[in-house]
Amino acid sequence: MNSIGYLTEEQIVTELLTYRREFHRYPESGWTEFRTTAAIVKRLTELGYHITMGEQATRKAEMMGVPDANTLSRHQERAIAQGADAAIVAQMTGGHTGLWADLNCGDGPTIALRFDIDANDITEARDSTHRPAKEGFASENQGVMHACGHDGHAAVGLVLAELLAKDKSRWQGNIRLIFQPAEEGVRGARAMAAAGALDNVDYIFGFHLGFQAERTGVLVASTGDFLATTKLNVWYEGVPSHAGAYPEKGKNALLAACTAALNLHAIPRHSGGATRITVGTLKAGQGRNITPPNAYFELETRGVTSELDEYMRLEAERIIRAAALTWDVQYRMEIAGGTKSGESSPDMAELVEREAASMPVFTAVRKRSSFGASEDFAHFMSTVQERGGRGGYIQVGADLASGHHTSRFDFDECSMLHATELLYKVTKAVLAK
Amino acid sequence: MNSIGYLTEEQIVTELLTYRREFHRYPESGWTEFRTTAAIVKRLTELGYHITMGEQATRKAEMMGVPDANTLSRHQERAIAQGADAAIVAQMTGGHTGLWADLNCGDGPTIALRFDIDANDITEARDSTHRPAKEGFASENQGVMHACGHDGHAAVGLVLAELLAKDKSRWQGNIRLIFQPAEEGVRGARAMAAAGALDNVDYIFGFHLGFQAERTGVLVASTGDFLATTKLNVWYEGVPSHAGAYPEKGKNALLAACTAALNLHAIPRHSGGATRITVGTLKAGQGRNITPPNAYFELETRGVTSELDEYMRLEAERIIRAAALTWDVQYRMEIAGGTKSGESSPDMAELVEREAASMPVFTAVRKRSSFGASEDFAHFMSTVQERGGRGGYIQVGADLASGHHTSRFDFDECSMLHATELLYKVTKAVLAK
Amino acid sequence: MNSIGYLTEEQIVTELLTYRREFHRYPESGWTEFRTTAAIVKRLTELGYHITMGEQATRKAEMMGVPDANTLSRHQERAIAQGADAAIVAQMTGGHTGLWADLNCGDGPTIALRFDIDANDITEARDSTHRPAKEGFASENQGVMHACGHDGHAAVGLVLAELLAKDKSRWQGNIRLIFQPAEEGVRGARAMAAAGALDNVDYIFGFHLGFQAERTGVLVASTGDFLATTKLNVWYEGVPSHAGAYPEKGKNALLAACTAALNLHAIPRHSGGATRITVGTLKAGQGRNITPPNAYFELETRGVTSELDEYMRLEAERIIRAAALTWDVQYRMEIAGGTKSGESSPDMAELVEREAASMPVFTAVRKRSSFGASEDFAHFMSTVQERGGRGGYIQVGADLASGHHTSRFDFDECSMLHATELLYKVTKAVLAK
Amino acid sequence: MNSIGYLTEEQIVTELLTYRREFHRYPESGWTEFRTTAAIVKRLTELGYHITMGEQATRKAEMMGVPDANTLSRHQERAIAQGADAAIVAQMTGGHTGLWADLNCGDGPTIALRFDIDANDITEARDSTHRPAKEGFASENQGVMHACGHDGHAAVGLVLAELLAKDKSRWQGNIRLIFQPAEEGVRGARAMAAAGALDNVDYIFGFHLGFQAERTGVLVASTGDFLATTKLNVWYEGVPSHAGAYPEKGKNALLAACTAALNLHAIPRHSGGATRITVGTLKAGQGRNITPPNAYFELETRGVTSELDEYMRLEAERIIRAAALTWDVQYRMEIAGGTKSGESSPDMAELVEREAASMPVFTAVRKRSSFGASEDFAHFMSTVQERGGRGGYIQVGADLASGHHTSRFDFDECSMLHATELLYKVTKAVLAK
């Protein structure tokens, strides 16, 4: 096969590379994807999609782990300086990045495709053995890098948008392309779902380049065992005191945090299935000889079902409160992220497998893999399923230069073509007249 | 000197030995001193003292660490079977042991002398190298033993009562002999003081055979640095669960107790002076494979001042409450004992030293020693001082067969004579016309 | 069907009740089953079985949680006083209870059937609502009770032994009846396997009355997800000190145990599957005002595979060692029990299901249940499977008066008939000419 | 009195202000006092003192908490850029700042006077309500500030050097002026003493402006109860792992640090006197979802005697080692500072009190205060006393704009005059012909 819809593979690859490398060059982390969102909005508007963005696309109360207002406005300026349309950027004030775009093709089911667009807080490698550096598209934004392939996901989304729009007459139903912000830290899906991104959705698909499909040619047709997770930030505030002169006057936030950390890790295992808890970071104290008046720590809970994660979260919150009482310190707790558990619908796995069968590039197809980690897509998929719909998460094989979330991450760009074609076929299978 | 008041030393020694060995043979631990109290009441009544006993002598709400009703009533029966007057024993139902006895000698100050009468929960040695066993006056009460010399204290009290009563015409003022129950565990003084034992008291003295005066001939004229202390019992109650099958259903009382114990020992030191905390015993759990639904532990706090002990107690109570919250278990806390800090009045130290100077038996006199532990007498003494009175705690030297609170404890009985004489002189110095 | 082999159901029930009630009356806990073993040995010898017992049947080094020599010898005397054959009891000195018995029926496979014979450390209810008390066969041994149905298991074993022996000519192969001591606490299987109980065994079956088959008529044809487990006892020994006077001189074993307990429960979860850890009991300290010089605690680890249990055990041992170092106390650790994980062979599940199909009494047959707990049979079964054999664990439904391991436990004795018949059929299916 | 030695008070004040404000403008923290040392060396050389500096003045092996080589060399460059003599600075490579200076005045005792010269890691206030900012001598070195008055101490040292040198003919004996680096964190005295700073010293005096003499006119003639202290830095290194996917592969350094912190604070109190322990800062972890592979914490122990501090340090080291074993992580420990306990010699207190009596400015003289904290001077003083000499620590009253170690610290500069005069008189009392 040499073309998908009305474009040749060569044309498609050219577009994919252009988009991907542009996104790679200007990576933006969660809730600061101003330039990326603006570029997508512009292109999809040209293609005739109906755009939902800004406060309509992400419900404020459900946005988790949002940077402070100063940081956000600095990033808006940065995005404009890097070429973003100022009028579009203005609509995202407050961190309301991301969007969804509808292509209404008459009566029929609604299919949603999710593309995540945010980058990682990682400093990209700069030497010439790293292709993006060598070929001039490495990150221009210090400390931020597309190290998880979301640049590729967004590129696939834009090219797919073009292909689907040009073939509009062939579909019956509605196509919704969801460009999700803040997938890292699983902070964005909940806000989009709450704003209506899943209204009337009958089918939803997400995909990832690489990951468990760790080389080009592999296809994981569906994915399950997404762990539900909750991300918590905790602050303790005590009272400082000279630890030599007046030890009794201090209220020790460091010991409160240590008591919490130890007891949190001792939450009982659950007979209902796998759970996790980790206090990943802890910072406390102001000086060696001062009763530590401050402590901050970040933790996460997980469960193979949302109920199990909820069990962990409730236990954790009580222990955190009790540790504050133990050392007579004040506390503040914030949910900084979280997503549901998930499992692809079995019939969607079969549909994907069937469509993939016609693509010779996929030499190794696995029907299902167990994810054992968390993905914000699970929030979308589980919500659609709870409402009676179906969903699937596909992993499209890609040779990797280095693992996900490392400073030398890079992937075989051909995988974008494979993903584009497969998603086109899946959409066709659902919506074709 | 060959006589004290109207008795010769020989007569006195005979009486002291008779009383002491009788008390030694029937030891009774705190709040079960039914036989001992009855014997004292009988003798003092004969001598013309006015007795205050039963509910008039110990205020119920302030009695700490009282055995349950069954145990008390079993001990009342035991006391009667061992010769106690049933009518007197009946007045002590509920554990109201102990008494005070007044000898009113006209206008003048009131001097109180405190004698503690309870025994220890220790099993006495039975072999012939242990004099009480060899000479036939070892404990008849299994698991209870006079291993701290309170048998000797009570004997001194009775003989002194006789001497003072016979010389009644020589005194002006009031003599109050306080025979205190439950000194071990510092559980009894508070209840007596609350019932009025110290009303109108201007001077109070207590004494101990041996202790820091570790051989016959030594005299410690006054004692200070008594530690204030609080004794706490704590119960946690959780929920059992099969630890293999349903670990999440259990509420773990053992982990609550461990969290409490660790954090209790981490209470900050205090710049105001020495403090102590010890979780001395802990018992938790029902079986290896069951989430422990129960835990019980005993702790004590101490402070070189009552304020410091209070600081420790308040910290401890909060931590105990917080550990219950940590593991979502119920808790109950009980104050099982406690006493104030204390320091002998300097002028009383001088008075004692002066009187002792006329007794050649005291070859080594120390004006003051630092106690560094707790004594229920401190509650009496500090209360008298707070009300403007004065007090002193004397240690009368005695050769010891083995240390206090051991199964082979025994003391040189001559020390009782020395104590009797010294207390007679002290009383005379205060009340003589 | 009115008979099994050469006995009528009525005869069988009569025998089963006689044996079961006799065993129930004289319950013996792990490694003290002297009377029970002697009775079984005597009967099986009469029936022509070849007996392996004493040191030949349980390898000393692998016997876990054995009582001390005094206790064992007291129980030998007790057993003889309760009618056991003194000569047979003498062969079990040192706690070598249990036996296996072979019935060689010519060339063919070897099938082993496991019957556990020990009782629980529970005091049996005595009132007339408890049938064993009402009907006069309640425990004669204070504090010991057949509260898990092993009395019924042993009875089934003896009747089955009779049925199989009488029909000897119908079999080709070897029948091995394993009467296992010390199943409670999973302490006995390892010692029997090490002594050769599984040599040449091709098939092995075990069963339980009641449990997950919680009413008469239910059959669980096979069982899996037995948790591997290790039972550990830990002693800490520190140094006592007066906690008020010399806190710094103590070495605190209680705090060592608390530090261990908290950290043990914080061992990370494992991505390989379910694990468990519980410190089930803890006892420490000698008095409220003494630095606790002693601590003893009992814990268990579990894993859904033996490797996972091993992971937990190794982590636990290091933490226990480290907690001793933390508080500068000595420690001693002892493995008090343990067994492997296990999963019935699928083809054995089918065989059992097939045979049960011909028994109308089983109105509710489940092919497999997930056990989620530990059983010493798993050690036998997994060992046979590792050597190429097959095995299955059957749960035979029984109405229960009260749950397993409670003082009012009792079961519908008809279930013994069902178990006897089913095991007869299973044996026949394997060995019939 | 209008002059001290050959200078008028007005001349002295002018010099003191010049020196102090110059030092204040160029503050240098411990072991980077290159500019300060160079300035002092230059002036004392002019005055005829014999200088001991560089590796001769601070023994390398005993220098604690020294910055890394890069930092030191950067500071050497900075000092030269700020006017320091490059040749002098070169002699201090490796952080060998500080010096001592001898004025040999013939036979007689040696008196040492200690002046500490380092600044604090504090950012100075910049607004006009802060006098140093308003009058143009606020810190030029970002993040460093003279917030403890050592600028004043150094100024007093230089003016006193001049006065004593001009009056050289009046003295018999040796005058040694010790300008100590790295007093903050008590890191410098040990290295100077080890290099010989106290050889042949018979009398040693140190002083502080302000502190417990919290307003101008107060004099604390002597100081005791300096706490011995040890400063420890601890690193734990474990193994990172994805906390959701492979929790069992991580080695958790954060939990090791928490276990250490809790147990460190639970080290028993000591009957020998006051002790302290504080884990003042803790930083651990790399990300919320990664098993924390790193932890770093800073702690300090204290004791009212050096033996008590040693007790705390040894307990702490064992607990730190054990916590590493608990979580199977590597550890590294470093002593970052430490000093002895101390008590001024009573006869030196009298000498100072006597001299102060002739200075009307001192309207409130306290003979002694209990310090209850640590000072590196205690190392010097105790060492001299151990060798048979005598010492004293004086606190010279100063009105303060804000407390020591705060960003708005400033002091009444007149106090420098009072200190200069008092030290002149003390020296005269010891050495005058």
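Order of writing sets the chain letters: A, B, C and D. Residues in each chain are counted from 1.
One rule holds in what follows: contacts are C-beta pairs under 8 Å (C-beta built on N, C-alpha and C of every residue); 3 or more make two chains touch, one makes a residue touch a chain.
Everything numeric here is computed off the predicted structure, so don't read it as measured data.
Undergrad: Steps needed, at minimum, to get from chain B to chain D via touching chains?
TA: The fewest steps needed to get from chain B to chain D is 1.
Undergrad: So which chain is farthest from chain B, going by the mean of the CA atoms in each chain?
TA: When every chain centre is compared against chain B, the largest gap points to A.
Undergrad: Weigh A-D against A-B on C-beta contact pairs and write down the one with more.
TA: Contact tally favours A-D.
Undergrad: Express in whole angstrom the distance between the two chain centres, defined as the mean CA positions of chain A and chain D.
TA: 52
Undergrad: Rounded to the nearest whole Å, what is the centre-to-centre distance of chain A and chain B, using the mean of the C-alpha atoms as each centre?
TA: Their C-alpha centroids are separated by 70 Å.
Undergrad: Identify all positions of chain C at which a residue touches two or more other chains, and write them in rising order.
TA: 245, 247, 252, 255, 259, 262-263, 265-266, 268-269, 271, 276, 291, 372
Undergrad: Flag every residue of chain A that touches chain B in the complex, lowest number first.
TA: Contact set of chain A toward chain B: 245-248, 250, 252, 255, 259, 263, 266, 268-272, 291, 311, 318-319, 321-323, 325-328.
Undergrad: Across the complex, what residues on chain B touch chain D?
TA: Listed in rising order, the residues of chain B that touch chain D are 262-263, 265-266, 268-269, 271, 274-276, 372.
Undergrad: If we count contacts the way the header does, which residues on chain B are in touch with chain C in the complex?
TA: Listed in rising order, the residues are 185, 227, 229, 231, 242-245, 247, 252, 254-255, 257-259, 261-262, 265, 276, 278-292, 298-300, 302, 372-374.
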